[in-house]
Amino acid sequence: MSLRANANVSELIAATMELELARDPRTLLLGEDVGYSGGTFGASRRLFREYGEWRVRDTPISEMGFTGMAVGLALSGWRPIVELMFVDFIGVCLEQVYNAIAKNRYMSGGMVGMPITIRAAGGCIGVAAQHSQTLWGMLAHLPGLKVVAPSNPYDYKGLLAASIEDDDPVVFIEHKDAYLRPIRAFPLGAEVPDERYTVALGQAAIVRPGSDITVATLSTMVVRSLAAADTLAGEGLDVEVVDLRTVVPLDHDTVVGSVARTGRLLVVDEDYHSFGLSGELLARTFEALGPGGLRGARRLAVPDVPIPAAKSLEDVVIPSVAAIAAACRSLALDAGR
Amino acid sequence: MSLRANANVSELIAATMELELARDPRTLLLGEDVGYSGGTFGASRRLFREYGEWRVRDTPISEMGFTGMAVGLALSGWRPIVELMFVDFIGVCLEQVYNAIAKNRYMSGGMVGMPITIRAAGGCIGVAAQHSQTLWGMLAHLPGLKVVAPSNPYDYKGLLAASIEDDDPVVFIEHKDAYLRPIRAFPLGAEVPDERYTVALGQAAIVRPGSDITVATLSTMVVRSLAAADTLAGEGLDVEVVDLRTVVPLDHDTVVGSVARTGRLLVVDEDYHSFGLSGELLARTFEALGPGGLRGARRLAVPDVPIPAAKSLEDVVIPSVAAIAAACRSLALDAGR
Amino acid sequence: MTSAPTLLDRHRLMTRMRAFEAVCAAGVASGDLRGELHLATGQEGIAAGMVGVLRPGDWMVSTHRSHLHAIAKGVPLFPLLAEIYERAAGLAGGKGGHVHLFDMEHRFSTTGIVGSSLPVALGHAYAARLEGSSDLAVGITGDGGTNTGQFHETLNMAAIWRLPLVVLVENNDYAISVPADEVIAGPGIAARAAAYGAWGRRVDGTDVEAFNAAFAEAADHARSGAGPALLEASCHRFRGHYEGDLDHYRAKRARDEMVASGDPIAKALDRLIERGEADRQILDAIESEAAEEMTDLLAAVRAAPAPDVARAFDDVFAAPVR
Amino acid sequence: MTSAPTLLDRHRLMTRMRAFEAVCAAGVASGDLRGELHLATGQEGIAAGMVGVLRPGDWMVSTHRSHLHAIAKGVPLFPLLAEIYERAAGLAGGKGGHVHLFDMEHRFSTTGIVGSSLPVALGHAYAARLEGSSDLAVGITGDGGTNTGQFHETLNMAAIWRLPLVVLVENNDYAISVPADEVIAGPGIAARAAAYGAWGRRVDGTDVEAFNAAFAEAADHARSGAGPALLEASCHRFRGHYEGDLDHYRAKRARDEMVASGDPIAKALDRLIERGEADRQILDAIESEAAEEMTDLLAAVRAAPAPDVARAFDDVFAAPVR
């Protein structure tokens, strides 16, 4: 695989799937518009031409039907990749996702594996309440699903390969903001090897070391958190940024290790605030470190509102660089420098 | 409304809906088997005969269709009660629940209300992975839904009336263990007035005062937690039990007030452990009290596994009285008496 | 239009509709509008053909491609365009945006999820039955939406309860890039009505008069208490799926041909001239008036303020909640 | 049974099936089994009628009422009953229980969610096409399941891709308490095949021979590459929806009549005698042998241990995860 010099993340995703389709003849791709047109976001370009309609299948708008179809394919020994276009549409087919895909291994006493990768676009780019969600907190709550949300090109490739190779079901959430962004425009992970590699699921990365505050985040918010950290560095606040990479498995050990040094945790999450990732991570950190180890903690997430359409409103509900920086500052104040 | 002396909770639920149907002619009930047969759990008995097929409607097995129908009914000015039988089936229709019912008020800038009550049975009584979930953590994560799970007869009646009367959508989760239990067999809330009353959504109740540990819980786990508290009283450990009653709105103030006195929090939850209620409540308590106020915290919930079929296995994944007591003891030890 | 609209009336309405969408598209070019704006250019015959049949008491539930349906249902243009432009004066104060349009006064709503419009319309039809009114519910979907489970569940329930529902399918040949005839099995969409014992018919949606007649029949059937009607209207999507879609999956020649032969406005215009009901001059005037009207409308909308940021936090519930 | 089963073979099989379910029911009475146990007593003609047509390479996906289908597909009785009794030796080590049965060796699975069996079967049919095999997929549902969106989506996709799928509908007149004819609009389940250009037929599922012939035809059609077949088999649910269901919504007289006139075993028995293919003595022996077989089976299952509690925590993922 070799990409154009100016390639963006959607091309990278297509190229990654190309390697997987080539590597394992039991892999196939299903979804609306994934075939002839190469994907609504261009993330499956070329695959239809190369692998044909049986392995790269344009489906009707029947998400429940084709997600359930993936269950039968997996039972038959295939390894389907299902594209849901927007993760918001998972409400149409959650039944097959959580009652079959997530539970079949357990309900069969381990007899059956569900090596299914569900790819879907998440995150905010101005498409309002029904097309802007991330939902990883909701999905992570349901046992049996792994949940992945990369922040940078290197990880998009490595985590997607690992997800497809994994013998368990993975919901792989691609940020819409990344698709059309050139690989080389990313502040991290912009060097992407041509050959195949994997990035292990369940290993967070410290993408910026720091000593004052731990910011734990994922997906596009990693980029924003790094920008905020840069700003704060100028103010003498040294922020460590942890890219969680996967929500399940959640590598709280890396976060706990970081907070053991900094004493302060800020979780930045593009998902809804309550009953999700940010609370879970705060709770696990407290459980690990106890009141003596965790001096202060804060969460910055979508404030339990649907995503509004107007940009002026969207801007105040999605964590911005300024809001991240402000949250760090007040955390530093509250939980004494 | 007056009930048989030996009436159980399913009769109480039917009687409560009867009062609501009588009180507000815009209220109606939809769902599988809710009509002629009086409900799979008997929770709508008599209503079909009294209010006829148009207001008490037996539907086909088309959950997405009739949940969406409730949206149109609500837009037209009606106040539907939708019965989903088992909350596990919500995966079939989550789309209408979370993208329409939960978001329409917001997406319409407040023009439109969605006074819809979704009743569904949750919890464990030996029916394995696809029929034993509670899922309140998943639903609470989605902004725009209120989520209610009563623990005792008095609250079943009062909270259901409040839910139906509420101008916002409510998912009302009835525990399967309660349906056939006689009202008078409950350790609390066994006195149920004949007349209509409501219990406000969003107000937790301290159902047992205590000074050493706060146990925050809901639904059937309240009963188990009270039993554990009784055991522990004999050992000199004085446990305060808080019945949350509603997950959204979550009355963390009452929990925080209690923990401010006890210093220790145990959340007991019949939902999955991670990314749900227990983490959220722990996080909010830490945020409110800081490291100085929260000396120790623990969670006891379904350990992120699907519910197994065999009773021997179910018993170890659903919090038992013994497990609750054990968790309290070790919390007391860890976070010093 | 209280008496039945003439072809000239409908031509004027279609022309205004197209001009309205031109000022929507302008927002994408200017960077005012983000997200995926779906226009119905080429599909005006259907929206304009409903006028005169629809009554104020009727309910309509539409899709991601809904602006013309809103106009047909009587939603006023200023708050409509203001919502599309996410302004405070929009239908929803800018919180819904161009795929989530609500106007309770004019009994109109939409959803961005394919298939989900239909059960909502079913609910309105059920309400009409409960109320004993003669209100009709119109649920709109595209060809792609007929492959969703919601299509099946809705038609079945409407049929067993004989509800006053018209399921209107705008078959514009494509669901994004996927051709309808590759993913719809059997004898076609309209023929599926038979599975439910329902009224079913396919009509040329680029012929506003033919469509109007068929829609009137469907509406009469549904209002009569005989159960739902499934009306499939053929049409073409002149533009990409959304503004910005490269539309590389359709051949340019086929697109040109579709515009040349399947334009409902051109067809009406030819027919008006042929019948001597209008001349070029009148028709030109209609066009320039429409353009002017919409240019003014756009200017007014552009001048209107964006919503106050405080609005981002309200309307989750009727009253604030912790 | 390698050569085509005779009617006597099928009678024996149905008798064994009924005896098998009697020992399932015993577990409810004894308190061994919790939850809602769904029996197919009265529906044996369908399960037994599939034998001889089904091949080992075929896949079957069934519902909450699946025990007889498992037997028809060749799932061995001991691990089957052991799973129903939630024993360590059960198909899934007691973790799935009586509504979640999996046997990959015999290519059989179930789901407890109505309608969800069908897309899974579609996946098997798609796999058969990918593999170029002659394997068939059989997706089973009840009459109630035909009202789910999944029925529509499955048949449509199977038809557009001409997949080797038989959708088998056991129409036992009821979905729990709701009569099929009150909630299924139009000319009936089998007639809905036309909407997808699929093969469709209704057959008497209480006549094991007639059902077998129709099922063979459906299977041949689907295997031939001509697309899916929709086979509706009428039958009766002799017992409540689940063991413990009061069944108060059906009149006792109608139930008695259904048992008297619609029992597939009694029908086969009468026919065997009429044709002189068996006499009372043989048939009595079959019955007592079946009862004995299942009594022994139950004793063996009862003697088997419950799963070790440690098993509650594994099998969420292939390897443990934090």
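As written, the chains take the letters A, B, C and D, and residue 1 is the first residue of each chain.
Note that in this section a contact is a pair of C-beta atoms (placed from the backbone, for glycine too) under 8 Å apart; a residue touches a chain by one contact, two chains touch by 3 or more.
What you see is a predicted model, and the numbers here were worked out from it, not measured in a lab.
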Looking only at C-beta pairs in contact, point me to the busier pair out of A-D and B-D.
A-D
Going by C-alpha centroids, which chain is farthest from chain A? Tell me that one.
D
How many Å are there between the centre of chain C and the centre of chain D, using C-alpha atoms for each centre?
45
From the C-alpha centre of chain A to that of chain D, how far is it in Å?
41
Between chain A and chain C, the Cα-mean centres are separated in Å by 35
Multi-chain contact sites of chain B, meaning residues that touch two or more partners
59-60, 62, 64-65, 88-89, 91-92, 95-96, 99, 106-107, 128-130, 143-144, 248, 250, 304-306, 308-309
Multi-chain touching residues of chain C, meaning two or more other chains, are 92, 94-96, 100, 111-113, 147-150, 153, 156, 160, 182-184, 311, 316
Flag every residue of chain C that touches chain D in the complex, lowest number first.
147-153, 155-156, 159-160, 182-187, 191-192, 194-198, 227
Using the touch definition up top, name the residues of chain A that touch chain C in the complex.
32-33, 36-37, 40, 58-62, 64-65, 88-89, 91-92, 125-131, 303-306, 308-317
Spell out the residues on chain C that touch chain B in their complex, using ranges where they run on.
59, 61, 90-96, 100, 102-104, 109, 111-113, 116, 118-131, 137, 149-150, 153-154, 156-157, 160, 311, 314-318, 321-322
Tell me, which parts of chain C touch chain A in their complex?
34-36, 86-87, 92, 94-100, 111-115, 144-145, 147-149, 175-178, 182-184, 248-249, 306-307, 309, 311-313, 316
Complex interface listing, chain B residues touching chain A
64, 88-92, 94-99, 102-103, 106-107, 128-130, 137-138, 140-144, 247-248, 250, 272, 274-280, 282-284, 286-287, 290-292, 294-299, 304-306, 308-309
